[in-house]
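Take this structure first; my questions come after.
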Amino acid sequence: MEIKVNGEPRRIEPGMTIVQLLGELGLEPLHLAIEHNGDIVDETSIAGIDLKAGDTLEIIRFVGGG
Amino acid sequence: MRQQKKLVIDSIEFTSRLFIGTGKFASAQAMADAVLASGSELVTVALRRVDLKNPHDPMLEALDFSKYRLLPNTSGARDAEEAVRLAKLARAATKTNWVKLEVTPDPYYLLPDPVETLRAAEELVKLGFVVLPYINADPVLAKRLEDAGCATVMPLAAPIGSNRGLKTRDQVAIIIENAGVPVVVDAGLGMPSHAAEAIELGADAVLVNTAIAIAEDPVAMAEAFKLAVIAAEKAREAGPGGESRLARASSPLTGFLRENE
Amino acid sequence: MRQQKKLVIDSIEFTSRLFIGTGKFASAQAMADAVLASGSELVTVALRRVDLKNPHDPMLEALDFSKYRLLPNTSGARDAEEAVRLAKLARAATKTNWVKLEVTPDPYYLLPDPVETLRAAEELVKLGFVVLPYINADPVLAKRLEDAGCATVMPLAAPIGSNRGLKTRDQVAIIIENAGVPVVVDAGLGMPSHAAEAIELGADAVLVNTAIAIAEDPVAMAEAFKLAVIAAEKAREAGPGGESRLARASSPLTGFLRENE
Amino acid sequence: MRQQKKLVIDSIEFTSRLFIGTGKFASAQAMADAVLASGSELVTVALRRVDLKNPHDPMLEALDFSKYRLLPNTSGARDAEEAVRLAKLARAATKTNWVKLEVTPDPYYLLPDPVETLRAAEELVKLGFVVLPYINADPVLAKRLEDAGCATVMPLAAPIGSNRGLKTRDQVAIIIENAGVPVVVDAGLGMPSHAAEAIELGADAVLVNTAIAIAEDPVAMAEAFKLAVIAAEKAREAGPGGESRLARASSPLTGFLRENE
Amino acid sequence: MRQQKKLVIDSIEFTSRLFIGTGKFASAQAMADAVLASGSELVTVALRRVDLKNPHDPMLEALDFSKYRLLPNTSGARDAEEAVRLAKLARAATKTNWVKLEVTPDPYYLLPDPVETLRAAEELVKLGFVVLPYINADPVLAKRLEDAGCATVMPLAAPIGSNRGLKTRDQVAIIIENAGVPVVVDAGLGMPSHAAEAIELGADAVLVNTAIAIAEDPVAMAEAFKLAVIAAEKAREAGPGGESRLARASSPLTGFLRENE
Amino acid sequence: MEIKVNGEPRRIEPGMTIVQLLGELGLEPLHLAIEHNGDIVDETSIAGIDLKAGDTLEIIRFVGGG
Amino acid sequence: MEIKVNGEPRRIEPGMTIVQLLGELGLEPLHLAIEHNGDIVDETSIAGIDLKAGDTLEIIRFVGGG
Amino acid sequence: MEIKVNGEPRRIEPGMTIVQLLGELGLEPLHLAIEHNGDIVDETSIAGIDLKAGDTLEIIRFVGGG
């Protein structure tokens, strides 16, 4: 199925979770902010969330800024 | 000038009155070295999408987060809603509820929007954020943000990155005179003398980024700002003697010269 | 800006770019403590008749002359002849041939006389003195004094003791641009930011007296000036990025905000 | 600098770029004489309760209203609601729908509230007023007021009545650069050179009250401001040559002096 | 500020406080038109060898010498001897014993030499010249030139032709305070507000050349300076009210707003 | 009956109109702004308004201001 | 014979006077300053001066200047 | 006999030397500048100088100054 991650379409396995996707992307949830369909996903609830076709994910980190 | 011995924001006490922005450095290492040299205890950061093709994050490795409090900003927000959304993402990514509120619709001078800034500040305070708003040098707006529960006000000296110095001196002086929260002069401080002038005027702290980041030697420039800020703090606490229009002789009049004439 | 790593006057190298005047302190001890705190290696002194009824000299006891080079001044001189006479007395009393040449006929603003100063400088150079003349911020006079063999030029920032800051900035900048000898900005620097501004502009050193002597806490003020001068020196050597009219963003533009709209 | 030959507000064209405030004059006659001498076509007025014990109104008799457009202000308003109420009263009393919007909660510096000013402006525009808001020198606020339908923006030079001059020069320059409506510099202009500086910078007009009203000779001061504003307008239209760092000789080099050597 | 109603130099009274330099105009006609528009009664000129191949002299035809007093300068002189020689040639060519004494050894900033200027002034006074020396803003030199018999002193605002404005304000203020002869601010005045600032400060006159000569429309710029100088003179005679730190309300407090609450 | 005019209590004849009151006060409606119980009274409608006990009137004029 | 005028060598008739030379050059003495061998020549004395071989003349006028 | 010291008349023993006078005054020559009848007296020559009636002495030291 297809979802949108950071603005790019991406095909993933049906039933994949956010945590699994992060693993596939080689990302450590710590120090990341994740927005799932416009809602912030906090660390406690992240485990329970499955991805559905058409979902939108934003994976944000902090970088140098003034 | 308010005699404030210690700088306290949201019950956190800071020894250094110099805050550092981490943008525009040639490398993460250069940034980390400069921040260390600055003696700062608070560093600002911005938000960006993870690059999925290159998820490596040099900044995380370079900076020792046990040493510094993070102050994520809402850079890029053009209205209150965008600022609030960025603040929430910032909190999730940095695990702090402090936020440097920036709402800058104008892309040329990056000047803040007073109305959207106040709207966002009121919302963020409700949401439990500790809000440090970046503002024009507007004394009434500063007071309203204080009344809305902001932890500081951060009036600009000159446009972001312009290095022009304290061009808003008169207005900042009024903000300092009226403020019940710490006043952090932000943006446009280009040389140590500019930062010292702001602190001598009574500002509680200054935030510097571009002047350090784009210097040929950022570490040396960071040390320079560190020393200038300490110097200015010492000076205002030392009880300056004030200006005079006429000269005041610093040597005794050498009377004998003409007595025998 | 001339990149001069070290400050050398008459082949004597100075580590500190801050010179201190010793007048107007509440006590000799307060003066000595402030001079020590300033890190200065050069202190100015004036001349006075011994008080025969009370020949005790607290200054001699307070100050450790092994630590500092003395720079006696000709304060009180109103023409070249008086200045030369005072310089000779100064040499006899201090055992140094260095002299801060001051010729100030006007008692209200204590401003220097360019013509008498040049005449005295020419004579004193002939007599083997190392001459450091106090002058108005006059680029041509500065050049003539350099050509006459003076070891430095010492343009004023503002009237002596006025604490008004670098009011002669444009002219001092030209003096620095043209100078082949060290430029020491003297008189009128009232706060650390003023001293830093002068050094950032390219001055080789600054001389401060009143701002420190009349502060409630002279030691703290002396430390403040010390740090500010070091800060400014570091900054100019760090390769400042320069000013811009428009803003220069210090954070990346957070593009994702509006992409999904 | 925007080349705007004519000053037009709400399709009304003004020949004079000097607006006059009518407060604080020693007498109604002194005020009327000064206004006449200023050549202004727009005068501001305030509102006050009629004194029932002494209903006589010298101002009405002194000023020839056929000569001047009235601009009533909302002086005294501390929030948008009070400003709107005053604007309605002003319209009823003066029979004009123009209003100088002032919302100044702070009694010491009389500085404007950006948020209340925008709220009041939006409401007054809806009610059919021609709104000229008095604001801090805030470029983003100025743009928002323009977008809200204000006829001008009126940034301050310095606090009302302070006579301190164009202390907000950098910010006012940005406002002028961005503005799509006339920019009227208001408050704090104390001498003709201050008004000229604002117009030379590109301001469309200036509003002056205290400097004229409290001068020993208000009529002469009014003439002085009139001439200075005309001078500055002429100058910016004459195509100034701009600044240079080095000198530019104004006399030919007199070569023959040294040729025969 | 000295209340000097009339400007008198060597017993010649001037109605206009604006003097005009005639160099650098696109054409002799443009110069003549601008001088006429300026209302000036004194114009400076320089000396040059006659071009034997083309002896025609447009300047003589363009300017109506019955209207203006000529003030030839010694531009190009690098020491007192050259200045005296040029002064003699000037007197022979212009049939006036007035001379604007300029001794400027430095070719980049064209700044005056205080020592050579005083030497030349003393010689020229002996020779019966009416001497108007161009000097750095040096209060003591100004006094010495006055004592030497000069008819005025002409301190610079900024380098010749730089249009930078009154960068020497503090020093010029002292010169004015002490002067017993007219003080004419010369060089660097680039806009009418600069000239007005000098006159408001108490200067007796200003001399302008480059700002007018290089403007796109020299005639309009000349008129602009004329008006600004008149404005400033009126203002200082009108008894300005002076500055204040806090605001001074220009409207009555509208008490009724909250009384019924 | 009593009304309040510019913050001061004032006894007037029952049935008196605003216009009559202004006349009694020696005031010309032109160049005045009148607020009756918090509402602006415009010139056209002023004639028709009677005063009632407890009414509040504000009579405002413009004066010198900046 | 040869003299120097404004820095340029120039052949003139022996016995020529300054006034004659000026005429030859088409110059009006009025508004000119003339330096003859380093000395200013004033209007009164100019008539009486003859030129000699090797003389130096400077013929100066005023022009626009600041 | 009488001399003048720092502007004040002073009676001293005939034949007294500057060094003796300084001793009488409780002054250490080091760190002092001495002007005898207008001439600086340097350390080396000071020993040989006798005082004569009417002599003028200036005894100067350095003090705090800017």
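Letters are used for the chains, namely A, B, C, D, E, F, G and H, taken in the order the chains are written, and counting of residues starts over at 1 for each.
Operating definition for what follows: a contact is a pair of C-beta atoms (placed from the backbone, for glycine too) under 8 Å apart; a residue touches a chain by one contact, two chains touch by 3 or more.
As the structure is a computational prediction, the values presented were derived from the model and not from experiment.
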- How many links in the shortest chain of touching chains run from chain B to chain E? 2
- Touching chain D and chain F alike are E
- Note on the structure: In terms of CA centroids, furthest away from chain B sits chain G
- Note on the structure: Quick note, more Cb pairs in contact for C-H or B-H? It is C-H
- Item | Chain pair among D-F, B-H or C-H whose interface repeats that of A-C, sharing over half of the contact pairs by residue number | B-H
- Item | Chain centre separation in whole Å, for chain F relative to chain B (CA means) | 55
- Message: Using Cα averages as centroids, what's the distance between chain E and chain G in whole Å?
- Response: 34
- Task: Provide the C-alpha centroid distance between chain C and chain F, rounded to the nearest whole angstrom.
- Result: 73
- Where does chain F touch two or more other chains at once, residue-wise? 6-7, 58, 60, 63-66
- Set of chain E residues in contact with two or more other chains: 21, 23-24, 46-49, 73, 75, 109, 111, 159-161, 164, 209-210, 213, 249-252, 256
- Message: With touch defined as at the top, which chains are paired up in contact here?
- Response: A-B, A-C, B-C, B-D, B-H, C-E, C-H, D-E, D-F, D-G, E-F, E-G
- Which of the residues in chain H end up touching chain B in this complex? 6-7, 56, 58, 60, 63-66
- Query: In the complex formed with chain D, which residues of chain B make contact?
  - Reply: 104-106, 109, 111-115, 118, 136-141, 143-144, 158-159, 164, 167-171, 174, 178
- Task: Please give the residue numbers of chain E that touch chain G in the complex, ascending.
- Result: 21-25, 28, 31, 44-50, 52, 55, 57, 59-60, 70, 72-73, 75, 88-94, 160-161, 207, 209-210, 213
- Mind listing the chain E positions that touch chain D in their complex? 21, 23-24, 46-49, 73, 75-78, 82, 85-86, 102, 108-111, 159-164, 190-194, 196-197, 200, 209-211, 213-218, 220-221, 223-228, 230-232, 234-235, 237-257
- Message: Considering only the defined contacts, which chain E positions touch chain F in the complex?
- Response: 249-252, 256, 259-260
